[in-house]
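The same chain A turns up in both complexes below, where it pairs with chain B and then with chain C.
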Partner chain A sequence: MDIRTREEGSVTVLYLKGRLDLASGATLKEEVKKLFAKGCTQIHLNLAEVEFINSSGLGSLVSVMKEVRLLKGRLTLSNLASYVQEIFDITQLSHIFEVFPTEEDALVSSQSVSVV
Partner chain B sequence: MAEYSLRYPSVSDSEERMLDDLDKIVCENEIEAATAQPLKLAVSEAFTNALIHGNRQDCRKLIRIDLRVNECEVTADIADQGHGGLKQVLNRRPPAPLAENGRGIDLIRHTTTAATFWENESGGLVVSIRLKRNVKSGVNG
Partner chain C sequence: MNDVVRRIGELLVRLQSPDYYDREDAVKELGTCSEDDAVHGLVMALEDPDLGIRELAADFLARIKTPAVSQLLIRCLASEDIGTRNLTCEVLVRIGSDAVPVLIESLESDDRDVRKFVADVLGRIKDPRAVEPLCARLADDSRNVVCSAAEALGEIGSPEAVPDLLAVCEKTEDARLHAIEALGKTGDPAVLERLYEYLESPDPMLQYAVIEAIGQMGLVRAVERLIPFFDSTDPAIAEAAMSAVITVSVRSREPVACDPPLDRFTDFLLEGIKSRDPATTHYTLDHLAQWYGSGIMEGVFSVLEFVDDDTFRRVVEIVGEIGAPAGELLVSRLSVSSKQLKLKLLDAARLIVDEEFARHVMPYAEDDDPEIRQRVAHLQGISGYVGAVPTLKKLALDANGHVRAAAIAALGWLCGEEDVDFILTGLDDKYPDVREATVGALIIVGGSKVIAKFTADLYHEDTERQRLAVTALGWIGEVDVVEPLLRAINHPDAGVRKSAISALARIGNVSDVEPIALALNDENSAVRKAAVSALVTLRGGWAFHHIRPLLDDPDVWVRYHTISAVGDIGDPKYADYLIPYLDDSLDVIKIATAKAMAVLCDERAVPALARLTREKNADLADAAKVALTRIGGTT
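The block that comes next holds the complex of A and B.
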């Protein structure tokens, strides 16, 4: 899996491309750890190019979310393919994560939270 | 009917090779996305279960996938070389909301037409799945 990052104000956006599974989930966790070390705790994951996700990949997302919460940060997701969204719904993780239709929606939401 | 017998050592690198092989099988057999997506997910979940829990990432132990494709359905058996796996599956509890693992068996059951768990003569867990083809939604059944 490829991971590309960019900064958007106080939010670090990660673009994930490829499969999110056991091996790449570990890679994602390592990348996010590096962001935490730099003090970045507002993280958005754009999953538009995630072509496959399994329970190991979901587990890595849960792990990231728990770490973000411990740091009193925020994690948002966007652009889930319909099949990925179905997996979130089956596992009821759609209730746990903040999922937005688009990256723009998520970033606007982050700005609103910052203002409040 | 096309039949495939795949064997992988129980190391973490095997997961990517297995998914690559599944992609090739999907392509060769022109399996539609509505079947291919749940097929890859269910096989992947059974594979990970075999890798982590069945064979405990012992590189000497193999994960076997026997897969059959015809125009009506796809079936697969995923077997480990461990012991006690069936008991673990039958006695498992649903994962807590923030659990980082434990969702694989539920995903197999939800995304396949049928899934059975049984023990082979060697004591290894076998996950047998069936997916009917030509289903329009991403979730089979």
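The block that comes next holds the complex of A and C.
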């Protein structure tokens, strides 16, 4: 999986491309850990180019979410393919994650929320 | 012509019939005639004893926008009957700008009541042509006319009326309040200084009107003159000032620097939210985060069950902004809240749920109400608090199915493989939502134990369990599920076979596609279609020679699907095999082929496609045109 990063104000946007499974999930967790080390706790994942996600991939997202919550940060997702949205619905992960239709929607939401 | 006149005469007589339906039919027929006598009849019907007939006549009259109709209607404004006058006003308003010239003339009527009603109607129509004539009426000898004219000028809102309205304020005490209200609505900044003078008046009613008018003007610079009135000993004045500041804030869309004494205005603001007043709600929520600590947050929580969805969403966001302190406040409110409010409070915590919050709300896992228990289960899961697992396991055995489902879903988010055995018991639950939640939870947990369980369930005696199992394996999607799914291609149930093949296509990484290729000969057409798609997804062009025989499958939809799949391969060298199907006897096959040609873009298809553009079947003709355009674009 390729992971490209971009800063947008206080939010770090990660663009994931490829399959999100056991191996790439571990890569994602490492990348996020690096961001935490730099003090970045506002993270947005753009999943537009994620073509496949399995149980391990979901587990890595949940793991990242837990870490973000512990640091009182915020994690948002956007651009889920219909297949990924379906798996989020089946597992009810759409209740845990803040999922937005587009990256822009997520970033606008982040701007209107400032951590007190 | 005589026939028409005679007929109208008959209808006019029927308008006097004691029978409701007779009169109704007469009005309906008169409404289709444009003759003057017919219009007269409709106007007469405005005084019918039955409301339904009066409104029917009004509807027809409102569609006839001629001056003659307006003239007739204005006569009705002199009616003794208030219902007739009101209905006539409604009709004139509905006629709108077409009635304005006649209405303006009628402002000169000898009848002061007519002048008054005409002014009211002109105000509602808001046509600027009425400004000057209405200004002239500000000097009318009837107080009611002056007040109506002032109100109407306010509705029209033209700054041209300002000098005359100011004159009324100076000279006509009876109409001063109306004039001030109208001045506020004009929004003319030049008026502001004059309004400030009236703020000093000892008359509370005048002060109230001026404060409201200043609010209506929406000028931020006026706020500093309103702020001193927050301390007025007259609560109505103080609230008017608060309301005016809110109005300025909403109208100007600028930040308004103002710190109202919240101890005085909390009730006012909360009442506004409760009654869903948009301006007050908007203003309060905009400032809520900065007002935190003043007590107003508790107040907002206490009215949450009355707010609409948009307001609730905004409150949830604000709670998220404030964070943990808002969570503490929320928890403290739970114990003193009704069931409905508790549910709202728990929902409002969605963005701030953490371990600490989860621990605070844990006691509510034993609430008498299952909806509360369900919410708590949900929040425990969101919190990520592993310490909630024992509580969730208890809730997973709750008497209520919704609670069990929520608890199991939450366990999926929190648990690891060590709890798989417990979660698996949900597959035997009698409630379908619980079984689905269990599948969802197990998909997240994953692992060899889960895969083994679902692999065994592929051959469960219950068909639903078989299908859940194949679906779950597909969603788990790990390398270890590939073998069981390949075996499931030979499952006795066609639904399972189809799902297994589709899952394998999605997972990819299938080294041996032979079982899928064999499924191209499955007795079930849905399975054959799934196999076609899977092979193309997994192997691309290599799949063509395997799927090619299905171009002649006995099932038309398998043929359709296979043609589409060849198009999806996207390699022009396969166009040769498809071109003959442009002459198929079935339109649906020709459509599929035309669409595939739009991708493969082979010029040899052009003659056949050109013929198809002339087909009566619009879908077929369109598909052929699109294909021709694409082919034309590539040559």
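Details
Simple rule for what comes next: the second predicted complex is superposed on the first by the 114 of 116 C-alpha atoms of A that agree within 3 Å, B and C clash if a C-alpha of one lies under 4 Å from a C-alpha of the other, contacts with A are read in each partner's own complex, and residues count from 1 in each chain.
One rule holds in what follows: a contact is a pair of C-beta atoms (placed from the backbone, for glycine too) under 8 Å apart; a residue touches a chain by one contact, two chains touch by 3 or more.
On a predicted model such as this, the values are computed, not experimentally measured, just so you know.
When the two complexes are overlaid on their common chain A, residue A:A23 makes contact with chain B while staying clear of chain C. In the superposition on chain A, A:N54 makes contact with both chain B and chain C.
With both structures placed on the common chain, the touch criterion links A:V62 to chain B and to chain C.
Touch criterion met: A:S82 reaches chain B, while chain C stays clear of it.
Of the two partner chains placed by superposition, only chain C is touched by A:K72; chain B is not. When the shared chain is aligned, chain B and chain C each come close enough to touch A:I96. Touching more residues of chain A than its counterpart among chain B and chain C is C.
With the contact threshold set out at the top, residues 19, 21-22, 52, 54-56, 58-59, 62, 65-66, 83, 87, 90-92, 95-96 of chain A are in contact with chain B in one structure and with chain C in the other. Chain B contributes residues 12-13, 15-16, 19, 37, 40-41, 44-45, 48, 51, 97-104, 106-107, 110-111, 138-139 to its touches with chain A in the complex.
The touching residues of chain A, when paired with chain C in their complex, are 19, 21-22, 52-56, 58-59, 62, 65-66, 69-70, 72, 83, 87, 90-93, 95-96, 98, 112-116.
On the chain C side of its complex with chain A, the touching residues are 289, 317, 320-325, 351, 354, 378, 381-384, 409, 412-413, 436-437, 439-441, 443-447, 475-478, 506-508. Note for the complex: chain A touches chain B at residues 19, 21-23, 52, 54-56, 58-60, 62-63, 65-66, 82-83, 86-87, 90-92, 95-96.
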